[in-house]
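Below, each structure is written out as structure tokens.
Look for subunit A in each of the two complexes below; its partner is subunit B in the first and subunit C in the second.
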Partner chain A sequence: MIILKDVRKQLGNKEVLNSISFHINPGESVGIIGLNGAGKTTLLNIISGILRPDRGFIRVNGTENILSEYKMLRNVAYVSGTKSQLWRDLTIKASLENCVQMYHVDKEKAEKRLEALNEVFSIQNLLLSKPENLSLGERIRCELVYALLAETQILMLDEAMIGLDVSIKHKIMEYFEAYKQEKKATIIFTSHNLLEMEKLCDRVILLHKGTIIFDGTIERLMNEFAPPYEMRVKIEGNLPDFEDLPLEKFSIKKDTLHIVFYRQKIETTYILKHILKKCRIKDVKLTEPDLEGTIRKIYKREG
Partner chain B sequence: MRTYIEFALKKFQNKMAYRLEFFMGIVNTVITIVVYLCIYKALYGGATEIDGITFQMVATNFVISLGLSDAFKYNEMFLQDKIHDGTITNEFLKPVNFVFRMLSENIGEGLFKIIFNFIPALLFTLLYASLCPPKSILNLFIMLVSMMLGYLILWLISFIVQTWSFWLFSVWGIITIKNVFVNILSGSLLPMWFMPATLRKIISFTPFESIYFTPVRIYLGELCGADILSGMAVQLIWICILALVAGAFWKNGVKKLVVQGG
Partner chain C sequence: MGEIKIAAQSLRMSIHTRMQYRVDSLVATLAVFVREATNIIVIYLALMKFDKINGWNVNEMLFLFSLLFLTYAFVVSLFADLRDFSCMIREGRFDRLMLRPRGLLFQLILNNADIIASIGHGTLGICLFLISANKVGITWDIPTILYYISAIIGGVLIQGGMFILFSALSFYFVETNSIREIFYWNMRKFAGYPISIYNKLIQTLMMYVVPFAFVNYFPAQYLLRKEDMADYNEMYMYIAPCVGVVIYLTAYGFWRISVKRYKSTGN
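What follows is the complex of A and B.
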């Protein structure tokens, strides 16, 4: 269990985190969303112990400062897209061997895990290279294997998918989903890619200027903050009367109706049935609000 | 402990991959030793001894101290680089002691250089000059222990200077000055025997004499019985003092990093 209560952090003159409180249950996967400079990395650094809060209470599995307990550290893996964990002057293979030693992983188990990880991350041909000779995507794949080899209970991923191509990203996301289910691991994830968030996270925390502006499931976020649905209906016949319906907006251009509505107020089928009473429908195009649009709306509101 | 031995072995194996560096290391050590021997051969001007110090003793001092100082060289900008690129914080998340990890990796590198640079260079030097044999096998064995203590003193001095990277943008200049002090005051450039008595007295209150000169004196049999014990006790005392100073700098540096964020 990860608990934060009234955590505050100022770096220089900037208040990076202001009164942050939440808890993460074991096995939960939480996404931290925020614009650049919102305090996502600072928050992860504080949870991991590499940054101390100015005020507030923090406990990771009952430990205040995990850096002081190696047993605790063996349960935590942190992957950062910008800061490498690998040995700069050693080959990837040697770095992975060091990882096995440090995390006290049984050698046979480690070999099996590496074999399984290699199927997803395809790093077999990178094992004898040094990090400086790898592309960003290749290095990130190796960083992820390094972090997953120890099968830790807490996994912190800070922009850990940068530089990965679409095909491998998909495989990796599936691997993380399975990892979460099988190992009951706690995953804390920061990314600007909301599709990844949606796929991996049970819950999201929205940070804005160092404060939490939302903490809950993606479903709740969509219900509460999603922008309206938009529907374009090509009709033939008389124009129906929409005055009695709880729509946000409607207009007609030539033979196409443009309707804006919230699904919490009115169902799509109800609107279509209403149109069909007066005319014939030739074509329908429905645009659903996505997570990105929802978050954009929230940040626009927050200024 | 096994983890740290693995770190040292990895570094040792890694060094083996660089064949050119390996050969250049031997050449570098041989050239350094031979140049100094030539200078001192000229200074001796055919005399067998000066103030009771034979040329053979001087040559032995140079081979041991210059050879070891070459072997004990490593990347002293390591900590500064880690602080500058921010990866130092990631190191704290590894479930090992970062300082011991640094030490074991440096030991691994030093061992490689002793076996593959120092020993071949020593053999090449023997073709050029004759050296004093060890006083006895026991002296040779004790000298090896004293050499390890000397390495720890040198490493701790270097580590203390490296920790200043937490407060300074660059420690390159300070490291350079430190190396000049170490080279002169440890007797690897100018043997301690030829230093003025006052300077030698001052140096005896510093850790520098314990780095190379104590092992050299044990090897040559200049220190016997109780003197060996007191020489090594001084080495141990310096290790304790320097470890305390290094610990204080390290602790405060890390505190600065986790409180102020670098």
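What follows is the complex of A and C.
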């Protein structure tokens, strides 16, 4: 379990984290969302022990600073898009061999695992290269293999999907989902891609200017903060009366109705049935609010 | 065992990397050798004008130099990453080492070994030893050989300890290269000559602050028994190989304390 209570961190003159408190249960996958400079990386660095908080309480599986215990470190993998874990002067193969040594992975098991990882991450042809000779996407793939080879119980992924192309990203996301289920691993994930977040995380923490402004499931986030649904309905016949319906907005342009509403207040089918009482529907286009729109709305509100 | 395997892996890769372009590596090694040998030749020619310096003849001086070059050949292989450590701290590359479940020093030792400098200095050290060893009146019996090997190990540990110490200073100060420049590289230049030719301040520095005297002067004294040894405690000749262990362990202790002060830049 990861516990943070009233954690504060100042870097230079900037208060990067201000009174951060939350806990992450074993096996939970949590997404940290925030604008640039919100404190996401600092938070991960504090959990990993690279940074120490100025104030507050932190425990990772009961340990205050995981860096001081090899046993704990063997259970944590931290992949960062900006900080490489690979040996700079060694080939990827040699780095992976070192990883097997350091994390005490059985040699046979490691070989089988590497074979399986290679199916997903396609790094076979990169094994004899050095990190400096790889593209960003290739390096990230190797970083992820390095982290997953040790099969740690805690995975911290900080912008760990940058540079990956769409086809492989999809495979990797599926792998992470399976990893989460199989290993009951705790995953902490930061990304600007909310689709990835939605797919992988049970829960999200929204950071804004170093403070948590939301902590809960994506479902709750959507229920509480999602912008309204928008529906465009092409009609034929008389315009129905909408005054009695709990809509946010409605307007008509030529033969197309533009309706804005919250699903919590009224169901889409109820509106459509209401329209059908008076006229014929030729076409319907429904725009559902997505996570990105929801987050945008929250940040707009927070200023 | 794991640490040793990782260190060996790093060494293998360093050799492989440096030797990838064989002709370039050969030229670079030769360049290191010629650069250092030229200095020795200049000193040798200058010494030809004098019969002796404070009782030390040319061959004895070359023997003194040989110890310096031989020990440095090991130092530059074992501790190369510590040589450029302040740069590693500034660039934030130290963070990744901290996250690995392995000793920090073990990750640094043998990593990025400067094989070219090592071969260049080592070859010169061996040449100087071969030229001088038979002309300085040493009887190479087993106890002498054992002492000589211990002195080399001690010399490597002293300089390695200094590298660790200077690296640990990077946890307190942003820029430590100038400290290293003054206390290591400049003092090393002094160490080419018998310390008895310097004033008391330099002698004190070389014995107790930056103890290069225990890298070559006192071990050479044990083997050569020159008259100027009367100015120092005779015990120094005998304990010279052990000084390395003490310095190294002290430096390691200081490193352990200092590393706790490390603050990542966070990015």
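The rule we apply is simple: the second predicted complex is superposed on the first by the 303 of 303 C-alpha atoms of A that agree within 3 Å, B and C clash if a C-alpha of one lies under 4 Å from a C-alpha of the other, contacts with A are read in each partner's own complex, and residues count from 1 in each chain.
In this text, contacts are C-beta pairs under 8 Å (C-beta built on N, C-alpha and C of every residue); 3 or more make two chains touch, one makes a residue touch a chain.
Computed from a predicted model, the values in this text were never measured in an experiment.
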When the two structures are laid over each other on subunit A, do subunit B and subunit C clash or fit? clash
Mind working out whether A:Leu11 is in touch with subunit B, subunit C, both or neither, as first, second, both or neither? both
Thinking of the overlay built on chain A, is A:Thr41 touched by subunit B (first), by subunit C (second), by both, or by neither? second
Just subunit B (first), just subunit C (second), both, or neither: which does A:Thr294 touch? neither
Between subunit B and subunit C, whom does A:Ser191 touch in the aligned arrangement: first, second, both, or neither? neither
Give one of first, second, both or neither to describe whether A:Ser29 is in contact with subunit B, with subunit C, with both, or with none. neither
Which positions of subunit A sit in both the subunit B and the subunit C interface? 11, 42, 45, 48-52, 67, 70-71, 73-74, 76, 78, 82-85, 87, 89-91, 94, 97-98, 101-103
Interface with subunit A, subunit B side, in the complex: residues 2-3, 6-7, 10-11, 13-14, 85-87, 89-90, 92-96, 257-261
Which part of subunit C faces subunit A closely enough to touch in the complex? 2, 5-6, 9-10, 13-14, 17, 92-93, 95-96, 98-102, 111-112, 263-264, 266-267
Considering the complex alone, what residue numbers of subunit A touch subunit B? 11, 42, 45, 48-52, 67, 70-71, 73-74, 76, 78, 80, 82-85, 87, 89-91, 94, 97-98, 101-103
Where on subunit A is subunit C touching in the complex? 11, 16, 41-42, 45, 48-52, 67, 70-71, 73-74, 76, 78, 82-85, 87-91, 94, 97-98, 101-104
